[in-house]
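We just call them A, B, C, D, E and F in the order they show up, numbering each chain from 1.
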């Protein structure tokens, strides 16, 4: 009878079991006195464990010639405490096979991911569009862009690093922004009834939902996380997002001014040229989306800095994605 | 029987009536061929009407020797259309007297003011503190600072120019910010339950209410609007607001970390040093207040730019408080 | 027999003649002692002459009620020297009629324009594409974009102000840039034969020709010169130029990498974010176009500053489009 | 008979002696072939000497379980030259005991410190205030702030790094600045007798003495040098220094304008927002203090860069606190 | 008997007298109703008085055809109060003649000038060099540069505007800076005796004296004040000052390192590239001169802002050479 | 019979031969278990090969006591593949002797160098000056400066790092820039015939040739590549280049305006103060040289980045001399 399949991150010390894992590191190193070895590591979404492969190991040949970073493996192994921290002891190892899906293998299981359910987030987003966007052609445009890219959107991260850089991070971030947009659109429309033309709440909500849609083309998922595509580097998600909207809008009877305001929201949502915006927000709608977006991104970064910083003392180091210390609490 | 007292801004063309007005302009000018005259103007909160006082006018001596910009007058006059636009024709004019208050005179009636009722805004702010701030000493601190400065806060503008630069503009802005803070504190506390220490919602709300409290010392009201005090120029409301909080907190049993977080909110709410913040937001609470505040200020500025710009075409001039064009609508 | 039609800019002092002109200014003014009048001016491409219309003039009613800035008129008038410089004396004036085209009326005749023949510049550009771009689908794309927009391109200015801000200024600038691109592409391809992949000369030339093509959508011609469109302000020619290329490329068999490099040239040609480039030049091709473009624009601005500056002394004022003094010559 | 107590920095090679020292480093390392050891180091104010503690050492258990970085120890040891430079050979080691003070132990003896006598510097500062500040209430305020914080001020460093970052560095820096202020106040008062109001020399001197007084709250001394307090990070010494002055001034009969000028000196002494000043110097007094302060800080940094840089050649590396090379001398 | 020659600035109202004055303004204007006239003004170093010359004035022809701004005139006139302020009534006017020097005419008498005696300042500077610079060749270099340019240096302003922009302003500024340099060189040499190589006090003093010597070539005096020369605009005093030193040093036995340090002082004295320094201060000597220079310039600007600002209230306008408000005094 | 002298870079694996090489690295290291050794490396212009010298090696004493980085050696050795890559096995080694020149030793043979022949580049530059500069005195000045510095110019690199940082890199860069200048001078002179004064083509060409001439004094060659001289660091090549021109021009009959324009070209060629230009380009000539220079430098940097970057994927890392990614090709 085979050992049970247990997630690597749930393996008890000394417990031998089968699990699926991503080869996340393989480096050829040598000790100062010239002894060569490989440093390798395997991970699932919660935990990474490494080990050395010495040249006299029975795994040495396979490691050198066959193991590839970014591939998935099925291992039978246990985790042992050593002087150098926990290490794997591998009994068996082979590449993933198609049939492993039956036992629950899923490539995304080996990457960090959102704490929220992707399907639920997607459903809430689409429901928001359906309920809140009054203009029928614009509503349909937003819904269609989401439905047409459903598969990719479900796992897309929001970035390669900085904020929401994990599986389904895009949905988590965009949903937060959209919820803020619904609230703020309502609030400011009510506050300034004399604004002429009035605040276009449809555009605020559509803009919240689509401001980062260019990530679909800027990023591509790899086993090691998201990477920039060639066009993502040379053109960037700000322009690519507007492309997606324009392409989807072609041939639809969308009010030209609404479309223009929506395009403007996308290209101005980073506000300043040096922050990545070709134009600053020049409409009330664009203003709202910038603030809703930037707060959500920075809040997430600050949470991550607090979770990851190893410093002692009342504040974190300033070497982090925010480039500044974050207060950890205490009064000394 | 005296003519009825009618607000200047409601005077019909050609209608002669009594009204109270502020002398808002008095300049000694001369025509190119040397003919001297005074250009004067009177205003109430909605409308300003000017006229020339020629040297042979029966009002010339009083105008030269007695009329003072910033003083209030009771006039009997009518507004006539001329080639140079509407002008006043003055029948009688005298300084305000104490008894005019009975007929409804109020100095604030001659300055631009908030569209919202100051008492109601004040009441909502204090009620928010009482209902939303859970920590008793902090709650009492916030309430006391407001109650102790009630009279000034009721009419304080938020600035001398830029945003909410009108009577009760401070309350209008701070109330908007506080409402956003209540919403965002709730939202982000729920989104990140694992944040350690947890988001201090009390500090977010107290911070929203007190972030601009230093305006009490930075600005002083004059008949012509708000002006900077000496200390306002040399020290500034960011530091002065923290002073008010520290002075009020002295001798109270406020948790030191809560107080420190609140002080930090105030000094960091403008985010970047070149925007006026001695320190950047280093706590999740400070982050929220910055965004709630900046969006409300910029939104108000954009509304004002749209209302005041005289340009034709699809966008306003870039010569405004935002330093950029604002889109007015249309697709050409 | 009617007076001969003579260009306004060729009218001798005191000569009465018929001419076509643009009403370029109409302001209602008053003297300090209250005498109202209109200041008006008429211009052709080389010269502008003004005059006052006093309220007792036989033209006063027509001026107030009918004359519109930006409209074209046929005048019979003469230019007289006065204490206030040359002024028009108008005998007859009426709006342009269709039949005036027969006598040579052309709206562009009243605006400053390129010293070079638009048709010849256009022909040279298209010929350059045909001769120099080796890749057939890319060549055809470039030619088609030009041919399809031929009418507009013939008169388009390069900008509303700053450089080449006159009729056909677009062609003049783009032709200069393209010629430099041909030279530099040849030069650097030869200098770095080992570059891998090799410099794509086709992209350099196509990029030179299309880098500013978005001006077609950013600007619209008016009688008073070019103005920004709504989309021009909210989106901008950098992005709109890429749109034009992408729309024209749709359905053609263009090599995807060539197209990507061409798009990148367009969006990076202003080099720095604060100069208007969403991305910096990240390809050798984009680097060349930036330098060819910027030199041509700055050279034209410097020529214009030298021609227009009224200062005495060895250098011009620093209040000009370049924001710095320009040396005029001399050693003192 | 016990070995004599000799400072570590005066131990001859091979000499065994007793000394007091700070454990300044303790890291758990392993050789590439897996042999674990601790790298530890001990220091006094002039010298730091390290050694490895191998796992078979008799000190291994104490090192792992008991030794703490930042604690002080009494050691009996000698310094031996090895292939890896000088290393300690430890015979005995124990934590400092109270009675060690009798043999001359003082925690500050293990940190780098000023070359000047702290008591003398403090005395000169207070004497300067007494002799040079003419206004009695202001003079008393300055003296009292110093006397009340005498103990802390005697050892406070001026910073955690950059300039005067050593024991008593605060006094050394502030005394230098104050001396310059006395000179410059005299000089500029004499140069501009017509200045109205006249230069307030009292404020210049008090400002020189108090500009950095907030370091008392921004920094806290630890065995390893100064560290930022929580409030130091979130509020900063610029604001905290003004707090100290305001708190001390409360209830005294200080001229309000003098106090305002003094507060302004403190908050503006770093001149530009991006250098840490909430307001720029807006008084002649503030101007003088900025220059006296900045020159002294930069001069000290340049001296330190020259002393510490290891590069060959005529200039130092640019990787130092100044961010630029410093000239070392020579002409090649 | 001729009227006494009295300085224009000492003329009592209504007193008729002879005086020498500079024609500082002549503009051809017209009233709105077309009446042409000239606005002219005459000044001495303390006062400027204007008048209109109407076309029917007996002076009209001479004014139009002969009077030249920047020329000096002898006038017999009186100053009368008018509705438009004080105006001149001219009886006689002629160009200055050589013989007027006997009656005390001096072109510099009509420009604003230093409050200090130029000869005395020059003498003190040269004496400082002789007494304080120990190295003989360097001392002689400094003395010679001054003696060789004595005539120009006596009247040179320090700038065309901003600081010390008046006759002999150069000497006033350079003397102030040199005095500070003497003090600071002494102070810092004493403070850091271990600096290696030691602070070169000779270079500090020579640098203080020569840091702005390039003004000799950057500026040229005109009747209307200093103007930039062609080379002053294209090269600038920072480089030109180093040229003067290098040219004077050629063929002298000056220690090469001393000369290099002196050249570096000159080119780095404005500290940052955007403030005009090709290199930042990289020597202790250069650091001292930057601070001594910048404080003196900014102090002078602040004094001038306080003297010239017309605003009411506790602070000046921010529209001045400093670009910021200056505190005028008071606490409200 | 001695082994043949074969360049190190042409040695086959296992082939034993004599060769000349530079000792480019010598570091004293120790393994983690304390075994000391030296890491050394030898290089010629194309290849660098290292080896360890263990303490029991027969070369150990010579290595420790005699070998000096930057010296040249004649070796007899072979290159062997090892687990740590190719390593040298040294049979004999001695310092270079004079007589080695006969066998073809040349110090520059051990440094990276231009792909172009230095003599030919030099000849083309001088020929360009002779043929293209019409003004005889200016032409002679340019030729003389080159001929007088011929020996140094033949090998000078253009920089210590960034662009053209290799032997003869100066000539390669300057020749490229000069060729562009010839082309652009011709082009813009023809385009703007009405420019007044006309474009001075002589100055453009002379400026192209001399813009970096100050590198002669800023840099000095060492065995390890170029280093900054003391004056290079404290003054810089921009000013030093102008010195060279001024010194060479002294006593020649060069038109002063031509010389001034040429000096201005040199000091403005880096355009912005923060890029190293004391003055921005204020002449048409200076404008052309800036663009020709900057394009050539950036193009070379981009080529180097593409050649050296080790990253996978469509773009290079952003950690390079350009500080941004460069596109490598591909569309994914």
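We adopt the following convention: contacts are C-beta pairs under 8 Å (C-beta built on N, C-alpha and C of every residue); 3 or more make two chains touch, one makes a residue touch a chain.
All of these numbers come straight from a predicted model, not from anything done at the bench.
Using the contact threshold fixed earlier, the set of chains in contact with both chain B and chain E is C, D. The minimum number of touch steps separating chain B from chain F is 2.
Each of E-F and B-C has its own count of C-beta contacts, and the greater count is at E-F. Taking shared numbers over all numbers used, the chain A to chain C interface scores over half, which places it in the same class. Distance between chain A and chain B, defined via averaged C-alpha coordinates, is recorded as 43 Å.
Centre-to-centre separation between chain B and chain D, using Cα means, comes to 46 Å. Residue positions 30-33, 230-231, 233-234, 260-261, 264, 282-283, 315, 325, 327, 330-331 of chain F are each in touch with at least two other chains.
Chain pairs that touch one another: A-B, A-C, A-D, A-F, B-C, B-D, B-E, C-E, C-F, D-E, D-F, E-F.
Here chain A touches chain B in the complex through residues 176, 179-180, 183-184, 187-188, 191-192, 195-197, 256-257, 260-261, 264, 280, 282-284, 287-288, 291, 294-295, 298-299, 302-303, 306, 315, 324-327, 329-331, going by the rule given at the top. Across the interface of their complex, chain C is touched by residues 29-33, 35, 52, 83-84, 313-315, 325, 327, 330-332 of chain B. For chain B in complex with chain D, the touching residues are 230-231, 233-236, 238-239, 242-243, 246, 257, 260-261, 263-264, 267, 273-274, 276, 278-279, 282-283. Those residues of chain A that touch chain F in the complex are listed here as 30-34, 36, 220, 227-231, 233-234.
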